[in-house]
Amino acid sequence: MKRQIPLIIIMTLGFMFVAHSFIPHKISADFFDWFQDWVKAISPFAVSLGVISLFMVNGTKISRKVPNWQYSVITLAGLVFTALAGFIWGTQSGTPYMWLFENVQMPMSATMFALLAFYIASAAYKAFRARSAQATVLLLAAIIVMLGQVPLGAMISKWIPETSKWILNVPNLAAKRAIMIGVGLGMTATSLKILLGIERTYLGGGD
Amino acid sequence: MFETVSKIVAAFLTLSIFSFLYKDNPFYKFAEALLVGVSMGYAIPLVYENVFLPYVYTPIFLSHKFIIIIPAILGSLYMFRFSKNLGWLARYPIVFGMGIVGMGVPMSIHSSVLVQMRSAMLPIDGINTALIFIGTVTILLYFFFSKAHKGIYGKFTNVGVWFMMIGFGASFGYTVMARVSLLIGRIQFLLGDCLGLIK
Amino acid sequence: MNKKTIKFFDKIQNIDRRYIYIVVALAIIFPLLIPFNSPTYVTKPTEDIYKKIDSFSGDKSKAVLLSFTHDASTMPELFPMEVSVLRHCFERDIKVFTICWIPAAAPLVDYAINTAKEDFDVQSGIDYCNFGYKPYALRLPIMLGMGDDIAKAVETDSQGRKIENLEIMQDIKNYDDMNLVVDFAASGSAIQWITYARAKFGANIAAGVTAVMVADNYPYLQTGQLMGMFRGLKGAAEYEKLVDVFASYKSEDHPHGRPFSKEIIDQTRVAITGDAVPYKYKKARIGMNAQSVAHIMMIFFILIGNIGYFITRKKVGGKHV
Amino acid sequence: MKLTYAKTGLLLFLMVFSFLLMPIPSHAASDSSSYIVENLKAEDIPDDDGGGLVLSWKPLPKEKRIIEYRIYRGVNKDTLFYHGKVDVNVKTGVSGDVMYYYDSGYNNFVDLQSPRKLKKEQQQSEDSPLYGSYPRDLKVTGPQLANYQILGVIPEKDFLFKNTKIEVEEEDGSVVYAGLKLRHFSGLYKKLIPGKEYFYTVFAVTESRSYMPYAEPIIGVPIDNSPEKIQNLYSAYVEDQSIMKFEWVRSLFTSDQTNHSLYLLKKSDLTAFNNYIDEQKKAEIDPEFTTTLENPAQLIFQRYCGYPYTPNNTVEVEIVNGKIINDEKHINVEVGAIESYLAVFSLQDRAGYETFSEVSSFDICNSAILPDLSDVWNVADRLNDKGDYNVVQWGKPTVFLTNSTFLNEDKTRILVNYDVYKNTKYDKIKNIFFNVFDMAGNKISTINEFYQDSKLKVNLNEPSQSVKFEMRIVANGSTGEDQIFTQSLVFNDEIKSLQPGKLFLNGKEVNKYSYSVYKNNYSNEEWRLSKKALGSQREIFDNVTYRSYIYKGVSKFDAKKGLFLVSSSFSARLDDELKNPIMTDLYPQEVTKTLDQYKEELANLITMRDTTDSEAEIAGLNANIDAYQSQIDLNENNSILKKAAEFKNKRARIKFLEKVKTIASRSFKYKIVKSDGKAHFSSSDVYRTEKVKKLPFSKAARKSFTTLGIDHFYPMPNWFQADKFPALIATFIFGFMVFFMIKQAKKGKELYIRPIAGIDEIDNAIGRATEMGRPILFVPGLSGISDVATLAGLSILGRVAKKAAEYDTRILVPVRDYIVLPIAQEVVKEAHYEAGRPDSHDKNSVFFITTSQFAFVAGVNGVMIREKTATNFYMGMFWAEALIMTETGNTTGAIQISGTDAVTQIPFFITTCDYTLIGEELYAASAYLAREPLQLGTLKAVDYTKFLIISFVIIGTLLSTVHATFLINAFPEK
């Protein structure tokens, strides 16, 4: 029962939505409005999932005193402090809450991925190898595209940006289109399996 | 003063993350732990103000649309996600939100398959359109798993591999650009905003 | 190949990666510190967005929606695009809406608007309107709802005002009027707009993406499902130039900018050194200087690495492949 | 050592956060009085309806780091409420010397988002008069209703069904109001009252959100001005039809404009007219001034201008037998020779102010030069929608050039973009033929666009200054022979390319004229603009929304019950002449009460008439008597009101009236005006049809709407979106395939999957690790269990672990997701059992590192280096971090095999790994190895669908290449 009812709900709703995408009628639009209102009311609670799991993971670390547990304290303190700052002083610009965002969260999350530039450079030097004919073609195409992006490429030869454009518009287009059709079918199959009640992993474990 | 201190904090945290390049170290660990906490903490008031108040509180308590209590209760069942015995309750809000995948089926067939098919059928009027046609068909065949890649058929599907490699090369080139751009952004921040060296 | 060379290559191949990191840092720092003028070639996907937005000039019954689906981590690439598009809209008197789907994007939207608007006499609720943060879970419902009635789907703007009563909403009802959506994201989020907003309501969709996503979006570009695309930092640099050359162009004949021309943009060079263009409007172009150097460096690394690889592999005798 | 690290961390944490407490004292220390804004002024906005003031002040310098200015307003000095704010970019400050803030039109008064209680503004001095915005509390906001003009916007349903009847004792007896709670309003909006004093103040907010002291409040008085001047009036006289035509450029439309009027002025009277205007202006500025002059111009036309809709800006006035006559407006003007007249247009507002346009002389012309409006046009319900659009369409499709670009440096090859305007009647375009001519008029080429991709490539023989195109469209059975379009590309020196010139249709310029579609329903007096279209456009979609609101002025409230009071009467529709509203009331008793009042009034008037002798008085009384009599007749005999009176059930009565209101406001009649914008226009008749569609209303409800369906069109909802038909078929086919193949697989039917090259490599690589006596590393991706890639990765793990167990080689599986952990452990354990080597199973071989993306990778790299793994597998979902792992693997000299469906990561895997399973190969490999029915069935279903797709693509391409475009056109375009 604990599985059946959710499955019935999703199958019913799912098929109603399949129908909705073909029916423009007012009734169908009203159904969507109803759904929209309900989902809007459900959605804020989803954030609790993230918060609870963060507390659980870090809480366990702290209580078990695993190595580096102190950092978990920092995480939780950061969470509580930021959230409280938002509730106490408001969320307008100029408040401590926005200060935290602008000077703590923003620079750090921006930097996190900036690290990748270094990694890719070191991988370029140490790992990107023309280890087969195919990999060679790949690297050559990559080099042309890279040159085609910067003014220098056009300075070397006007054919570099042209070739780069051709690579993107012809072989790349064919490749990505074929892959996309495959991926599209795969994704649709997954959605279909959910609708048909065949795929149930999203329900989580248990009975 | 206020501005200077703000910049110092931001620059310090930026450098803490960069210090990971040297090796994993407490500065990095600290910054990372802080980032995880602050990001999540940041979301809570924002969701409260922008979602909870207008879509739950206002309809129920101010507009008196009492029917909204049902989805609100459904939503609160999310909390049981991590409970061993009552975990099954969390399925309801999940399932409710997922109903919309039903719409995804015809819609994604429409736009990632049918529309793409149309564009794959364009009249051949030159070498490029011919190449796109050959490329698309051979790659599709390469990912067709019901026939072994042998003989002429095998050679044919092999053509697809070359097309794919060039396509991946293009992705590769652009990814390099993306990664470098992010670093450029950070260095613009450190040199420009913090030190005022870029004008 | 003599042993010395092999040893040399062996050695440089096993160089500590931190030295490489230093080279990378320097390769980016120097071009940023010492800006130089380099040409920016404008490409079709960017041009198409420019032309589309420009075609709304002064038209009160048309609007552009900018959708933000990224956080600060990909700001360097996307932010200059956003600022240039906003600047274009303000310059040409085009109604512009903004919306964002993740909490961390909310301040970025404000930041972008504030950066662009201060040079113009524009007012929230009249010339532009920020719908503010809407949770990702509501993305589909709102995206579809806007095809019907924007005021109903979005309800309130970032300041909590009911948007149906705002002056900007006059003549703007759904995607027929808010005819262009530009989605800024580090993921394939524009695809969702294509799948729903375009397939169901025929909205025009353009994407501002980080370079990672560029190649994957080409099929949509060819089918016209994406009417244009900003291709990473390069796209941002191109748009900056487009706005400089046309929308912000001031002369006696053209007090409010001039019309687009492929030939003019190809011939014109805009100096990015000096103060002619404010820094915030040329950030991407300065970045592209560093990008040039970095790309050369990368290619150089790949070549050196591979030469070393082939020489040392000979020594091993192709044992592992 | 680690503990000290952590201590450092905590210390840093405290450092970062303790800073937050600094901003408040840091600013308090500085001199706050220098933060008060200066030069604060409130001035009247000219040319408005008396509801607008503009505030201006000198912004504080950039160094003060201001982020916002907050504006407060009130009707006395001691209580000012928050009104609005202006954001400022803190880094750049405000560039100008003055900042402006407009307080005009209706703006938010109170709604559900308003605060619950009135709060004193924080961070201000004890005795400050500043408060937050108006609260929901009626005790506070109720008295404020008197200080503004308040407009309540009420959703129709709430007004009709959620009201409470309230009786209020007033001077002349008790009056009934409809009481509504705040939640029943979509919002309440306030506007300044002309002539009333309002107080304003402004203060600045600094970067750390400190509220600076407010400036001394100032007074502003909004003044009602005459409407804005209409800039351009054009007038024409069509001699052969003796019709005068007028057209003007619309001004900004405001709520207090009431009338459009047109006057004829003898040229000789121009000075007198100007004197008259001057006098009127003086009177507006100085109320004491008494006017003496008469307007020398003669009124020939007047109409209500129909706020809030965009009114018609064209007027036709017919001269019959040398006279213009309109009894209703008491117009009777004799017209002499048109040459001696000038025309003047005026806008009047509620206060009685009138603004005249510049005078314009008549362009005397012949009807032959008027635009041709003979195109067949029609109005229909738009298909494939939810019933909120009508479509107005006319003519046959148009084709035009939009742009051109040179393709080579010699400028002899050009890419020309074209576009098409179609309409629903002509929607299937078969061919477009283009004939291209050079400057000398020689045909260069003929192009048949059998597939319209909006672009043409044209070879010019030599660079050309001008290229002429002749175009023809074949669509829906029309050969287009009668519609030849011509357009030239002309070299534009400024833009330096060939630019499209004017478009001609059969020799006539197409965009010289534009179409304006006007519409009108049963509940508004005047025609309003639906949409304007270019001369080349062929249809417009007219939006008829479902949502409807009732607008009511609000000036009374009931604090005890928490109700705002609005009048309970409303109009069901206008009468058939669109003159008098058919008024009714929420409460049936009120209808009778009003009727009784009318009757009483009528009887009074009659007695008055019978007792008086003065001729003039009798005439005046008679007019009044007629008006009352007609109102009474309307109320007693109107079928709607009669039917409504029959209802016993109150709700049923309102429901019936609601239905009537819906029909009245959602059914529109249409007409088209085609104009050059300068009074040369042709106006169509109202569109009528014979085929009346079935409408979803009861006979009773539609009884009074005799023209419904004939000239008034009510949009209908549709049940199927026809353009989604291909998607429907495809969904069925694919859905069936998935369902069927999974069934087959579950039944155990043998399903063939071709051998995947990578699988042999897997075995070899395990062999190599065994040879070298080193462990194997297997990373099952970084995403969660719901990801298909992770599932595929895990089933490959099963195979690898089994082989490893057979060879007795150690396997290491780092995991990032803690839900994946137990599943991966189970998989490895089972593999060992299957291989018959449960003894060699080490529980710790599958382990959790961390959830953080980069730290996880650092951990995996550590494992690689410490354990010297000989073979590394990466199977599943990976993100940007992937190449950090493979790079390390590369330096340790391990064999690396990867598989992922993350398209962006595949290129890096290909260049850094020895073998890569690309995209779907990963699923196939896993299905091949696991033989699990769900995976297998899905794979086969996708496979067969793919086969269909390939076949269609091949056939479709071949067909379209030989000009057979039916297959390609069967697929959707967007």
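In this document, chain identifiers A, B, C and D correspond to the written order of the chains, with residue numbering beginning at 1 in each.
We take it that contacts are C-beta pairs under 8 Å (C-beta built on N, C-alpha and C of every residue); 3 or more make two chains touch, one makes a residue touch a chain.
In this text, all values refer to a predicted model and were calculated from it rather than measured experimentally.
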item	value
Chain pair showing more contacts of the two, A-B and A-C	A-B
Remotest chain, chain B as reference, centres from CA atoms	D
Euclidean distance of C-alpha centroids - chain A vs chain B, Å	2
Chain A and chain C, separation of their C-alpha mean positions in angstrom	18
Approximate Å spacing (C-alpha centroids) for the pair chain C, chain D	23
Geometric centre distance via CA averages, chain D-chain B, whole Å	27
Two or more partner chains touched - positions in chain C	21, 24-25, 28, 73-76, 104, 110, 135, 137-138, 141, 148, 152, 156, 160, 198-200, 212, 214-216, 219, 222-223, 225, 234, 291, 294-295, 298, 321
Touching two or more other chains - residue numbers and ranges from chain B	9, 13, 20-21, 29-30, 32-34, 36, 39, 42-43, 46-47, 51, 54, 97, 100, 103-110, 112-113, 115-120, 133, 136-137, 140, 143, 164-165, 167-177, 179-180, 182-183, 185-186
Two or more partner chains touched - positions in chain A	18, 21-22, 29, 35, 39-40, 42-44, 46, 68, 71, 74, 77-78, 81, 93, 99-102, 104-107, 109-110, 112-120, 122, 124, 126-131, 134-135, 138-139, 142-143, 146, 149, 168-169, 172-173, 176-177, 179-183, 185, 188, 192, 202
Topology of the chain contact graph, where touching chains are joined (line, ring, star, complete, other)	complete
Chain C-touching residues of chain D, taken from the complex the two chains share	87-89, 92, 94-95, 102, 105-106, 108, 111, 113, 153, 186-187, 189, 386, 405-406, 492, 494-497, 541, 543, 545, 547, 891, 893, 895, 903-904, 914, 972-974
Touching residues (chain side chain B, partner chain D) in the complex	1-3, 5, 9, 13, 20, 24-27, 29-30, 32-34, 36, 54, 58, 62-64, 105-107, 109-110, 113-115, 117-118, 120-125, 133, 136-137, 140-141, 143-149, 164-165, 168-169, 171-172, 175, 179
Parts of chain B lying in touch with chain A, wherever the complex brings them together	6-7, 9-11, 13-14, 16-18, 20-21, 29-49, 51-52, 55-56, 59, 68, 70-72, 74-79, 81-82, 87-88, 90-109, 112-113, 116-117, 119-120, 128, 131-137, 139-140, 143, 160-177, 179-180, 182-183, 185-186, 189
Chain A-facing residues of chain C, complex	13, 15, 17, 20-21, 23-25, 28, 38-41, 43, 71-76, 104, 107, 110, 135, 137-138, 141-142, 144-145, 148, 152-153, 200, 214-219, 222, 234, 288, 291-292, 294-299, 301-302, 304-306, 309, 321
List of chain D residues in touch with chain B within their complex	5-6, 8-9, 12-13, 16, 19, 22-23, 26-27, 65, 112-113, 136, 182-183, 207-208, 450-451, 453, 724, 726-728, 730-731, 734-735, 752-756, 852, 854-855, 858, 880, 903-904, 906-908, 910-911, 918-921, 924, 939-940, 943-944, 946-947, 949-950, 952-954, 956-957, 959-961, 963, 965, 967-968, 971-974
